[in-house]
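Common to both upcoming complexes is chain A, partnered first by chain B, then by chain C.
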Partner chain A sequence: MAGMSSKRLQKELVKIQGTLPPGISLVSADNLREWLMDLSIPDNPIYPPTDTYRLRFLFSQSYPIEAPEVTFLPLQSPERKIPLHPHIYTNGIICLDLLDAQGWSPVHNVESICISIQSMLAGNTKAERPPGDAEFVRSNRSRPRDINFLYHDPSV
Partner chain B sequence: MASYQADRLKEKGNVAFRNASFPEAEDFYTQAIQKYSNNPLIFTNRANARLKLQRWEGAVNDCLKSIEITGPNGQNHKAFYFLAQAQLALHHPHEALSSALTAYEQVRSPAPNAKIGPKDLETFSGFVLRCKKAKFAVRDRERLRREGDLGAELEESLEAQKQRELDLVSAQLERVELGQVEASERGEEILENFDRKVAELRAVFAAADPTNHKSREIPDHLVDMITFEPMHDPVITKNGHSYERATIYEHLKRSPTDPLTRDPLTIPELRSNFGLKAACDEFWESGASDWIGDW
Partner chain C sequence: MKVTFSAYHAVAEWKWDLPADADDTCGICRVEFEGTCSKCKFPGDDCPIIIGNCTHCFHMHCIGDWLLAESSQGKCPMCRQPFRERLADAAAVATPAGGAPRPGMVAVTPTPARTPAGR
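Our next item is the complex of A and B:
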């Protein structure tokens, strides 16, 4: 039913416009298909506190039964880089279990995804890209959720 | 023979319906019914065409006819669903809710050979909620108006009482039973009393008025964690968490896991949560429709 995703997102939007945890902010939610969020990372020298990263959420009609597509979005102005992390490719695709079909659960929401990504970055100790990054970025044509990631290093 | 011709006409109607030519579809179904009037499906199809044409009364009649043919306990969830839509459009939310609940129950535990669409449970469940909101919104609006009337009536009688007391004082003054000073003191006392009582009366009514409760939220335990909507048919998992039946079914079709714990979970393992259902019903009865908001 088309109604499910739009109603749920309207309700999430009301909540998000209220309060969000520090370092997470809503940039735009002009429609119920695409939302932009900004993220900053406290207490990790890899990510200077002045840097902000932009997340793009794409929702299907079946959200929240289906996971949203969440990627980092590079921008010139204001400057938004793709954060350096062994599970984040230079094209912005994030390898995170809760975002793929097996790991997703409909009780997650935009805020909880942002918190998960923020803490994944906050806890990171390796300033590097995933192995095979250049090759993946060159050859990948799939949507993020159709990619079968190997979780090569679950400790990260 | 007649039923064969009717089926041909019904098929033509279906084609017209799929092409969104609803007046044409309605016409073919009418011709089909003229040939053979004992097929409930032709009536439900014509009802659907009439819903698209916003001919609500015609749609209601077709649904009732279709239900009459299948019998009161026969599987006919589409007729009940279309009936509910027409009744809601005609501002009969009580009847609409009861039809929607019948449709929902019929897809929840269908007859053995029933054809149930993959989205029917979810769609009907959403529609039950819509009817519920409409029904209680009407009821709460009526109650507010009655309370408004009652408040106005009480204020008027306080006003009348004040006037009687003031008249009495001026009569006593005229008959020189009271001095000028005493009379004006009594008059002030009466006015003060009146103002205080009106203020108290208004405060009591304001406190009872649910429109003043906008900031309140639906209690979390009555809200489905997947749709964020209030529940009306909650089921409980092995881990003790409850969800709206239609949405957890939808999730389990894709991923047979508990949404919170990721433990394996299947539909037959779910149980109705009657206690929570009662709490949900009570919530609607409590005049909460005003702060449920958008629908």
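Our next item is the complex of A and C:
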């Protein structure tokens, strides 16, 4: 399995270092376990074009059979906020079907995940946090993959 | 003029006989079908391709790993229909003389100097 994840990530890295869609850029991929990507959102007043959001990807040895762990990472400098969205908690955890075990497929990749998250933000009309955000952020000790999200509002 | 060949070196190329609209690469490992999955060293019979009823193709070892994972729920990674291997009689089976190749593997006209590279 170890060979599988590193060979595939190596291929993805070569492709990503070539071209990426607008608003998506690679920050670092110093090893094949953790990658940082920056995201900006076009045409949505909730997310000013000057704002950039940082995604952290953590890959297990079983990638791509197993989904990577993808969260938003807050930073002071350069400033990276957690985007306001009814499926994104203040601690950076994202509730998105393709990232959990039920919705994941090994044909997804770093680029397609970035595109999905970028379009989930671009299409958002609600400048708000998920219900129960404060309580979840205070009490959650689980890794994102172990959380059973309730998809309370699939329309968002 | 009389030409006498003292020796010749034949080179052949092969590729899998896959559905016409199939991708060139396995969606799981992202390696060309004619290359190997990430666990194998030698392409070809040792690292065969499985064609699904849904026409999506994968290296046998790649789709096997996925279907063993609980989260796959037995579904095709591309279309999420239950993954069933297409039976050989549904595809044209190539049987060149002198061999019993796996269904799905087809010989291509010999061309100069290209050997399948294990990637």
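Here are some notes:
Throughout what follows, the second predicted complex is superposed on the first by the 156 of 156 C-alpha atoms of A that agree within 3 Å, B and C clash if a C-alpha of one lies under 4 Å from a C-alpha of the other, contacts with A are read in each partner's own complex, and residues count from 1 in each chain.
What we mean here is this: a contact is a pair of C-beta atoms (placed from the backbone, for glycine too) under 8 Å apart; a residue touches a chain by one contact, two chains touch by 3 or more.
Bear in mind the structure is a predicted one, so any value in this text is a computation, not a measurement.
By the touch criterion stated above, A:Ser105 is placed in contact with chain B and with chain C alike.
Within the superposed three-chain model, A:Met4 lies in touch with chain B and with chain C [touch as defined at top]. In the superposition on chain A, contact of A:Ala134 is made with neither chain B nor chain C.
Shared contact residues on chain A (touching chain B in one structure, chain C in the other): 1, 3-4, 7-8, 11-12, 64-66, 101-102, 104-107. By the touch criterion given at the top, residues 1, 3-4, 7-8, 10-12, 64-66, 101-102, 104-107 of chain A touch chain B in their complex. Taken in their complex, chain A has these residues touching chain C: 1, 3-4, 7-8, 11-12, 62, 64-67, 101-102, 104-107, 109.
Against chain A, the residues of chain B that register as touching in their complex are 119, 122-123, 126, 225-229, 247, 250-251, 254-255, 257, 259-260, 262, 294. Contact residues of chain C toward chain A in the complex are 27-31, 37-39, 62, 65-66, 69-71, 73, 77-78, 80.
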